[in-house]
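For reference, the structure I am asking about is given below.
A, B and C are the chain letters, set down in written order, and residue numbers restart from 1 in every chain.
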């Protein structure tokens, strides 16, 4: 299955883009800080809110900090929250979804009501109110809050998938043979779900990055770190728009959009593999054929005339 | 053999079959809706209770911390009314929890949402009442318009997947769909407000015009100030609906019943609307329900960008000034709105899909 | 060779006289334009159909029979395209038309009044959100604008009764009907505009054997009174042996044998037909030892050289792999097999 997924150009491009941002988040701050010698927090008093130049390729903020350095350090902040909330959300989704689907009966009913409850509640509002109470929390708390409200969609989907696998011949056979439950889940059900779960994880990471940025924008995000969200938020606070400092707020948003696109592409590719009807089967070749057919018909008519 | 079959088929059903089937169908849908309603009431109760429980189980005494914070900020000792307002919502360690819970419901039922801490002594309900109409008009109009536009265009794009229109727009939509709404709003404000100067940069109306609903100039200024936020919101929402409708449509047009409709020689418009789009619409209606929560989030952030005097901006101010009663009121409002919207979408679905009771 | 096919006596089974030629398919080829180049799912198919005739098309899945159905009715969707050939349709009045090149607008006028279809999965063929009756009324009124809704409803009731469904069922939604009812209503739907030709793609695979018998009996009865022609596509050769006037056997996108049902039953000439005939037990015959065909159908994107059946054929020789055998008259039928010809020459 993995090989098949990688054959899609969309998936490869999406994964590469995603990988690039993760790489930047991991080694980027070290590169800009130690190799290039630019700090994200150091203030250049001679270049306050300066447009992009050779010295500051992405310009500086209103307080003279290098935007590129902030962007790189911010990648770490955003990706850290995204990854931790993504891991939490995916683990919760797998736990609840697979358990519900596999156990069935009363346990399933209770877990399904719980899942639906979380789906119906506007998660953003809930995160907001809780984050409001614990204002100025560390990034880990924010990630925890996001993760704990980001799982239900995935759980519902995994439950349906598990239900399908549970009734699969091989699983039924193994159950007949008296395999114990945990072994069944681990050996028979989980392997089939890895593809779905990894796609889900990717989506959860990006949802986490989005949510973190939104919370930052509202001024209740992590106070202790630089992230893409805090960059936009600070820019907005200091009226970067009405003063025309586009280089300040445009790059971080673009980064979020790009990483979002990366996931969308991966999901697209996955959908096309799991749902063959979505494949827009070679439209270019069909167009070429139709054009040739029209040309042939015209020649026939001309010859006849 | 065929004659035997004819009599066998007609005998038991008789003339009443059709009516009975229809009645059973209506009853099934009604049961489904009642079950959903019960679920939403339960969810609503859970949300309201969470609103009560959370501040009381936060580590420390948030009410006390809040009162001390207020004192530090204003330099004045909180009045007894202020203390009472804080205690109603944040718990009083000296009171019985169950009695507090009863008191909390009692206040809610009388729409006593407490007093704003930042604009003391304005009741929260007044602040919310002032902000709500702005949001309702903006959100109601834009959400509906975005949904209709996106769904129609998505249906057309998915009708012939891979055609020129589709192959240009599909990747563009993918990208636009991935842009955080609030950042898109910032860009729109920058480009159309700052660079081009076509629209005002902030606010919901011209402050130099008298604030009266029967004043034409005031209404015109509302339109002028609302245009950019509205267009931004339509664009954001529209992309999402376009995206999902297109994908469902691509799957639906290859369904056998659409093929058969084409084979029947029906007009292409009829096949597109009555057969393909009519079915592809169903997931989008469910999507509408599920997206409401997200839509509200996006709208709130957009309002903040445009400094629009609606709920989003009120929330923003409340967060900045630690005005917990206002925050809580808005949270409850968002949750209840989302639940109501969900129920409306469910009803719509039951109306549109005769198989509803089977899905349960 | 199609000239000889046309010259066969125009009488069908059950003593029916067949009318003039209704459909003349010549050299029809259908390609799937994949990213790895075109794959030919239907290759050089030629056949004729007379008015009132039942032509069976038999073959395994992947033999191109369903592709043939969508190409005949021009319902194929990209990436399937008709690469070559013609499908000449001869209406009672007016000039013959080529369905392959006919404009979409003119084709639409032919649809259902002349050319109807019953598709494979009855469950998925009816619009789930429309009442059964409405799906009849819309097509009836589309092709006869002068008919009132009331008259169209009456016609719907009549059609449903024809296939043994109580008229009140028109108010039901498809999901409320049983599988058999759905299948029969699709047949009734196909007859709504009194077509000259009904193409049926595995119309009875989704129902159980008893229901299958009932539906087929009804179909035959209806066909005898209404005299429409049928192209009946199925994987079940024994079913065709009982139903069809003539049978075409397809393998890997080509017709390998075509002849009257009687001849195909009595003396199948192509080794593949022979294999198919023994793979399915005839419904009204003493139990006999069944022998399947070893191996699996070939990948259309990667056909073996020469005769596509050669790798599975127990009579295959080196000659079989040199060229694709053409369809030639052998005995009373047409067969595409090198070896059969030799055997016939030796006779």
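Please note the rule applied: a residue touches a chain if its C-beta (ideal position, glycine included) is under 8 Å from a C-beta of that chain, and two chains touch if they have at least 3 such contacts.
Because the structure is a prediction, the values reported are computed rather than measured.
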Subject >> Result of counting contacting C-beta pairs for B-C and A-C, higher pair >> reply: B-C
Subject >> Label of the chain whose CA centroid is most distant from the centroid of chain A >> reply: C
**OP:** State, to the nearest whole Å, the distance from the C-alpha centre of chain A to the C-alpha centre of chain B.
**Re:** 23
**OP:** Mind checking the centre-to-centre distance between chain A and chain C? Centres are C-alpha means, answer in whole Å.
**Re:** 49
Original post:
So how far apart, in whole Å, are chain B and chain C when each is placed at the average of its C-alpha atoms?
Top reply: 52
**OP:** Note the residues in chain B that touch 2 or more other chains, in rising order.
**Re:** 162, 254
Original post:
So which stretches of chain A touch two or more other chains?
Top reply: 281, 283, 286
**OP:** Enumerate the residues of chain C that touch no fewer than two other chains.
**Re:** 78
Original post:
Can you list the residues on chain B that touch chain A in the complex?
Top reply: 39-40, 42-43, 46-47, 50-51, 54-55, 58, 62, 161-163, 166-167, 174-175, 177-180, 182-184, 186-187, 189-190, 193-195, 201, 247, 250-251, 254, 290, 292-294, 296-297, 301, 304-305, 315-316, 319-320, 322, 324, 327-328, 330-331, 334-335, 338-339, 342
**OP:** Spell out the part of chain A that touches chain C in their complex, as residue ranges.
**Re:** 281-283, 285-286, 289-290, 293, 297
Original post:
Where on chain C does chain B make contact in their complex?
Top reply: 73, 75, 77-78, 107-113, 116-117, 119-121, 124-130, 138-139, 142-143, 161, 164-166, 168-173, 175-176, 213-214, 217-218, 221
Subject >> Partner chain A, residues of chain C touching it in the complex >> reply: 33-35, 38, 78-79, 81, 83, 101
Subject >> Touching residues on chain A, where the partner in the complex is chain B >> reply: 113, 116-117, 119-126, 128-130, 132-135, 206, 210, 213-214, 217-220, 232, 236, 241-242, 244, 246, 249-250, 252-253, 256-261, 263-265, 268, 271, 275, 277-278, 280-281, 283, 286
